[in-house]
Amino acid sequence: MDGIEVETLANPELSDPVFIEGLPGVGHVGKLAAEHLLDEFDGELVRRIYTDDFPPQVSIDDEGVAELTHAEIHAVDADGTDLLVLTGDHQAQSNAGHYRLADAFLDVAEEFGVSRVFALGGVPTGELIEEYTVIGAVTESDQLADLEDAGVEFREDEPAGGIVGVSGLLLGLGKRRAIPAACLMGETSGYLVDPKSARAVLEVMQTAIGFEVNFDSMEERAEEMEEVVSKIQEMQGQQSGMPSDDDLRYIG
Amino acid sequence: MDGIEVETLANPELSDPVFIEGLPGVGHVGKLAAEHLLDEFDGELVRRIYTDDFPPQVSIDDEGVAELTHAEIHAVDADGTDLLVLTGDHQAQSNAGHYRLADAFLDVAEEFGVSRVFALGGVPTGELIEEYTVIGAVTESDQLADLEDAGVEFREDEPAGGIVGVSGLLLGLGKRRAIPAACLMGETSGYLVDPKSARAVLEVMQTAIGFEVNFDSMEERAEEMEEVVSKIQEMQGQQSGMPSDDDLRYIG
Amino acid sequence: MDGIEVETLANPELSDPVFIEGLPGVGHVGKLAAEHLLDEFDGELVRRIYTDDFPPQVSIDDEGVAELTHAEIHAVDADGTDLLVLTGDHQAQSNAGHYRLADAFLDVAEEFGVSRVFALGGVPTGELIEEYTVIGAVTESDQLADLEDAGVEFREDEPAGGIVGVSGLLLGLGKRRAIPAACLMGETSGYLVDPKSARAVLEVMQTAIGFEVNFDSMEERAEEMEEVVSKIQEMQGQQSGMPSDDDLRYIG
Amino acid sequence: MDGIEVETLANPELSDPVFIEGLPGVGHVGKLAAEHLLDEFDGELVRRIYTDDFPPQVSIDDEGVAELTHAEIHAVDADGTDLLVLTGDHQAQSNAGHYRLADAFLDVAEEFGVSRVFALGGVPTGELIEEYTVIGAVTESDQLADLEDAGVEFREDEPAGGIVGVSGLLLGLGKRRAIPAACLMGETSGYLVDPKSARAVLEVMQTAIGFEVNFDSMEERAEEMEEVVSKIQEMQGQQSGMPSDDDLRYIG
């Protein structure tokens, strides 16, 4: 394997597909949101992307069968809207690797003739969240109005440090290719895997893209988390506000 | 030297050889197991593999003669079964280096027409071990039954973080080349060089591959370790359960 | 994007332009000085430089529009003297990346036929500064007299560790291309963003290059900092001399 | 600059030259020894070696003139014996960089038809040294007898971790090119710049290669260090045995 390898599994004809990225990040918001789409809608695995900038690692499934670390792209039919959903277990591990990987993702997006790209993620607030706002960033200002109508907030110079990782580069490199791209970031504490923040992001997308998704399964995960949050808040009376690793493992 | 260099020392005709990897890792289980095969059976050095992703280092032998860090592959006749045994002092030092090195190893395996690959290693339990279980992972589910018969345990989603390093990649990249590969991981505390765990791995392999190896010399090393473990357990009465660096040096 | 990409936005005819580098560094002295030139004089963006050795990141503007991290070069008319002013938010993130980037900057400098290069920066003293000296280094000793006349001090073996980063390489690689280059380093505490040190550097450059720039806006920033410095000096009566992160944020 | 650049300054005809490497390392033993040869004998700069794996840095001389970080090779006439002496301020900064650099040095060695290579360095003992032993390692066992006659000690499996960095690779890669190479390592505390250890290494080389060098200037530096060592030993009565950074700066 040399640098990066894109394996083609299927090449379905898609109509103006929307590309949606949900790799791991703050609160696993983007990953939870993207995986929820794969759970709820019918889809087909179209690409596997391998790179020597992922960790040298295999995952093991329930049976004991190994699979080389990779990202994958599914073609998903969301209420008649074609989506290309990118998921995976890792970000790249170096600067140059991030650029290479984001370029490979955009190559696939262009092959399928995507109309726009959404990079999903979380923005850490450092506090437990009551109301889940979704912050946005776009490649061109003509995207702002529609997204504001869908409930996305655009704040002056926020997030302060810009957007890093593959989400950031899908915008940065997408803009240079003239592919309209937006990043939707659910506010999240940053301490917990956060299905409620993922839901907030998906709700915005429902309006922006025009599909409807069922949230029952996500609600269950969110309720599990509610219990953990309650426990944490109890504990906060006693000591520090940072949940322990055990708490995080419970709800991960 | 540019990237990676494979030096050919011999090209014996082998019959359906089995490739066995034993590079350093947890408890040095894989390395001890592979080196035991080289000690007990007749063999011939067939390849040296150099890479600029190994540390910039020479080892010095008893006489004072230096040798550039490398991995080596011996053709070994194990009771009439041909083995290719890979040993060395280092893993690669970067992500891309791991991929390059594992690909080079698989190239050699394919040159010799191997029928399957075994990657040997240890899985850390954090506790001193009474009974040495061998955990497995495979590239294809049709390998499971035979290995279970040989005593390998396959556990749901274990090891939890997948398998990292060259062992992981021999499975991940081997699978992509359609070379059947299995990883055999002896349970081990993770604190000690563990010949007993290495023996457990070799016993499984005897059944799985079909050869018999004498364990007398390994028994000696294991008894030395037993003494150290006793000392440590005495010490545990007094203080922490982690052996000190001096203990580890003694038995390394 | 592969390695480095230089985007051409304009190719104005310039007369013996002087290349001025002001990337982030100690006290942001070079960056403040270069940006002040862009604020005060008319200019035109001529090049954007992207590299996969910058962080994988986009910045977000006031509206919420993202822009891929890059360095940029403006052609500036300073009182009839042509300048090429290099600014940006990042240095390279690896050794090889620094070399590649500095070479790319010098390529642009040569395309425009620059007569000389000034790399601007700060040199940390560890103490709050009363009088702002500018320390220099050059590629050829025939540059010394003019710069000394302009008020630059050259001190034996100072800065002690040499000059690192892009500023250092513009001299080191510039010298190998026979482009006369000088580094002008304003003394600065190293704790604070330091507009006064940037002004000292610009005052030296006015004489050395022959232009005049208005310092009113810089004076404002400097006064803001004066207040912070006073506060810090008050605090120094009580505790340590290191300003807190909050102080730094206030004046950054 | 791309990867590595070797600049040719002169190509004198040399008779069976001996290549001597003295880059920075433990106690700066190799560097002090090599620089002493340049101080005492007539020589000519024949090569400058630049690489983007050196730090992105220029050094500044007494006048304020900058020079890009590089290694350099002088042809030296030592009592009628031709030497090629390699010195510099840096080792490479990555694994692959070390390999590339050592290969470039050996290329130059082969261009000049060197008969053998000596890599000079220090081996840390962790204690102040009374008697300065020189430990050796070679590429071929037929070099052992002569070096033992010259006073070099060869110890079983010492240094324990092998030899790292450019010194190690000159042996490891030299051996693969069939260039006889030896590493001479002066014992040194590891805390101090150690001219006495450098002298011990040079004394061995005088016998091994066949030249005589004056040690007066080295004696001066050694005496300066003696004073510091005395001070440190006084201080040891009071507190810890590790000299402070200030002490080290004084004698560096």
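The chains carry the letters A, B, C and D, assigned in the order they are written, with residues numbered from 1 in each.
Following the convention adopted for this analysis, a contact is a pair of C-beta atoms (placed from the backbone, for glycine too) under 8 Å apart; a residue touches a chain by one contact, two chains touch by 3 or more.
Keep in mind the model is a prediction, meaning the values are calculated, not measured.
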| item | value |
| --- | --- |
| Rotation, 0 to 180 degrees and nearest 5, that superposes chain C on copy chain D via CA atoms | 90 |
| Numbering shared by both copies at the chain D-chain B contact, with half separating same from different | different |
| Centre distance in Å when chain A and chain B are each reduced to the mean of their C-alpha atoms | 38 |
| Separation of chain A from chain D, taking each centre as the mean of its C-alpha atoms, in whole Å | 53 |
| Overall pattern in which the protein chains touch one another (line/ring/star/complete/other) | ring |
| In the complex with chain C, residue positions of chain D that touch it | 1, 3, 50, 52-69, 93-94, 97 |
| Of all residues in chain D, those that touch chain B in their complex | 92, 95-96, 98-100, 102-103, 136-141, 144, 154-159, 161-166, 168-169, 171-173, 175-176, 181, 183 |
